[in-house]
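In what follows, subunit A forms one complex with subunit B and a second complex with subunit C.
Moving on, here comes the complex of A and B:
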């Protein structure tokens, strides 16, 4: 049974990881608590869902969802975050909460509060090894999470754009002086974050074969945020491992302690963790200015 | 052409000049005075007007004002009015809209058949958004309207609890289509009735189905962490041991947030659970069934009334087969009376009636019966409701007891076969 809980936990964890990667990009680079992340990707997922319902190719539906996430986040960045970028950390956070509500209400207006079935026509099979059941979808999600992590690390470390992003995360004025196109790069980070969020969200929906308005905040923003805190802000590896730890603890707490108080126990673990290791497991290595 | 009484705000000087022109005759034809018509003022002479539609700016204003006043005041004597209260916007808007459609269908039919003793039945709709705060605001606003004979609604028990004391002050009878909180009829409100079986009786019934009919030997409970789910869980926990079976495990989930049941399922598999009772909604039921199926766990499944929704099969897929649910109304009922109702409802609403639409329809008809039995004003209407026995509605046959409950009503049990709900007795 313990092994099965472990497998369940790792699969929930890899779903969280996909969402956390996109979140971590924005959070790590701009230090903005992006409360709108979940609700923006929820809109993208609903776009995919609506397109998929019309009968187009699932791959196209996924791409269209990711593109819509990209576009929405670029617009949101331009009109909601950029004007308040230098007015402290609280103002953009409030702005993000506002955007979250707007997005949620857009979904409620168009699709309503119901839960819809949304499996992208994926019929997963199960592999059974001595009583241990592993779904093929779980394996796919795990693999996709790892691939995304590697490609983003590559983007950050080996490309000019990635170096620009890192420069901006260290100091915006210095990056601008060195000729990094600040607005364009930040826009790109948001766009990519949104698109990655949508991809994660769609896999999340496929995993549970359902989509509803709540996939954004409670299941997206909060879990992604917790994963980032545990794993270390700004670190891709950290986001993924943090998400895995979160998934595992949820699964084990629900399996062995209590489902009713699951969330309370998880948050307690998080608080204790923050007290012991406030920078997370893998803090991004950024030189502090003295 | 019909006659309307219009209240118009006019400038005092203009009014004097106008009355002089029309020889102090307050009955005038709006048609004749388009040029001078200006809405400037404060004085409100009550005038009687008659008009012909023309493409004129002034006329459109007149019509808007006229319609506004027609709706709010003028009918009084030739009509019987009631209020539909429910969540018309917000998270549970789908239920409130069905409520309105059910009432609308009944009203159309009654008026087409000659109305109530020749009087036309009309209704207004109030939106409580499914929120107790809003429900009290609605009550404060409408309880002053003397024309309202009764209320059809609300959907949420919490809204009823919050607003009943206000409605009771003006003795407005409230007939709820779908409040199921068990204690609602025991709060001592004389003006409260409901036509649905309460949670207490429903929970006992689903426990009986699970243990006796399905023969669960090692049952587990999965309940929604809300007052609704908790109430049913408490009854199930006390009732199941009486049938000689022990509850082996119980777990709760947070409605609207929890989507993952794999930990619970894995635990149940280890405990050798043979049946799971889901006291919650169709999303939880469907997801649990699907995830259990995927994890190779195949218990007997039974669920409370909120599971009885076609989405249960949509979400649960193969896992939802043989899922037993309670249904206060079966949207696929084939009995002639019910089938005819479903067809008419579909024509009006473009959707199958759920429990909300069907119960609202019955509320209007039971109110009609009370009216025809002498319930011309609020007090006699309440008395007449108490006298109703064996009322045959589309949701079943019922009569009210002294608390306003429907003790004799039963709830249908449906089972999923090949992705469709069928009545388990007819299976």
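Moving on, here comes the complex of A and C:
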């Protein structure tokens, strides 16, 4: 039974990890609490859902969703975040909350508050290994998540763009002086974050075979943020491991303690964790600027 | 004896007199009810302003404290039969204590962590309100909560409650204003502007953060308690995270750090949904656009620093300065 919870926790954790990576890229670079992340990718997921419902090839539908997430985030960055980039912490945060509300209202206006079935037509079979049930879907999710994580890590570590992103996260003026195209790179980061979020969101929807407006804020932004805080702000490795820990602890709490109080227990664990280890498990190696 | 009444004071005295005579002119019960809700939310917005605007701690879980105050008072008065005055005051003290505990836990937390902890606290409180059925009645909520009463007199009509809420608002406003003008308020502002500099100036940052959280929570809890005594019904769905953010928006719209601004922001956000029912559908869109536009052009709100209000005043002062020839040049 414990192993079963472990498998479930890992597969939900890898979905969270995808959402958290996109969140963490923005969070690590601009220290912006991107409250809109979840709602933006929810719009992308709904776009993909609507296209899928017309009978289009599922791969195309997923790609279209990711592209729409990319475009929405670039537009949002340009008009809502860029003008307030240097005006403290509270101002951009509130601006992001505003964007989240706009996105949510768009979803509510077009698709309403209903829950739709959204499985991408996936008929998974289950493999049984000594009493342990693993769905093929869970394996696919895990593999897709790992592939995406590796490619993002490669992008950050080995390419010029990735090094530019890291430079910006350490100091925007210095990066600009060294010839990194700051605005272009930042909007690329937002776009990539949005696209990754949509991919994670679609996997999430497929896993639960449902889509509704709540996947944005409560299940997206909050989980991504929690993962980042647990792992350490700005650390890619931290976000992934944080998401896995979050998925595992959710699955274990639901399995052994109580499902009604699951959210409360998770939050309680998180709060206690913050109080004990406020820098997260893998703090980014940057000193606090005074 | 020369009593010098400042311009700002003149305006506020006029507003208070207007508020006192308003129900004598307007007999519409519905209108009075909206104004009552506005009075109560104003106190919440003021308490948010004290925490977010004056001390710079971005708290996104105010509705949890409203809920705590509401449930505390409701349970005391319905299940134990405690008289209103006592349950009301106990609710305030209780939330103040909870605020102090949360502030104590967050005393070292920086911006992000504090916001996350307050959001988490809100979620935890909501789950508890919904699921601790023996105490809170779960999704049913608590019904038949007695109206506010003092020595046999019940404030059970809208008009009588109007005066009660007005008095409550005035009292809270004056207290919060006095706090802002005192040593305490200056310490809060120093912490908001630069915690490290404040520490070097000899301000015990952690202690003042706890005090600030506690005072803010006290007012929020009192309002929450008063709210359920007015509506006579406590529902767990009134204390969600979205509600918290909507309340935060009231303080932001008027201007963080400006007390009259909180009243104006609350008035706009309470009155607008009442003007048209179809507005409710677009409430989130409107609030969202408002938040973004305000942050882009007036990050300090309508009546805050370099907001719309200040621009009008500075224009007028310039005009008056020109009239008095030979006025001091800046």
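Just so we're on the same page, the second predicted complex is superposed on the first by the 286 of 290 C-alpha atoms of A that agree within 3 Å, B and C clash if a C-alpha of one lies under 4 Å from a C-alpha of the other, contacts with A are read in each partner's own complex, and residues count from 1 in each chain.
Here, a contact is a pair of C-beta atoms (placed from the backbone, for glycine too) under 8 Å apart; a residue touches a chain by one contact, two chains touch by 3 or more.
The shown structure was predicted, so the numbers you read here are calculated from the model rather than taken from an experiment.
Of the two partner chains, subunit C is the only one touched by A:271; subunit B is not. By the touch criterion defined above, A:206 reaches neither subunit B nor subunit C.
Of the two partner chains placed by the overlay, only subunit C lies in contact with A:80; subunit B stays clear of it.
Look at A:4: by the touch rule set out above, it reaches subunit B but stays clear of subunit C.
Using the contact criterion defined above for the overlaid structures, shared-chain residue A:115 touches subunit B, although it does not reach subunit C. When the two complexes are overlaid on their common chain A, residue A:227 makes contact with neither subunit B nor subunit C. Applying the stated contact rule after C-alpha superposition, one finds that A:14 touches neither subunit B nor subunit C.
In the superposition on chain A, A:169 contacts neither subunit B nor subunit C. By the document's definition of touching, of the two partners only subunit C reaches A:90; subunit B does not. Put simply, subunit A uses residues 108, 260, 263 to touch subunit B in one complex and subunit C in the other.
The touching residues of subunit C, when paired with subunit A in their complex, are 52, 56, 58, 105, 108-113, 115-117, 119-121, 123-124, 127-128, 131, 196, 245, 248, 252, 256, 281-285, 287-292, 294-296, 299.
Chain contact summary for the complex, subunit A toward subunit C: residues 31, 33, 80, 83-84, 87, 89-95, 97-106, 108-109, 222, 225-226, 229, 233, 260-261, 263-264, 267-268, 270-271, 274-275, 278, 290. Subunit A meets subunit B in the complex at residues 1, 4-5, 8-9, 11-12, 108, 112-117, 124, 126, 128, 133, 135, 208-210, 212, 214, 218-219, 250-256, 259-260, 263.
Within the complex formed with subunit A, the subunit B residues making contact are 90-94, 225, 251-254, 256-257, 259-260, 262-264, 266-267, 269-270, 282-283, 286-287, 290-291, 294-296, 311, 314-315, 317.
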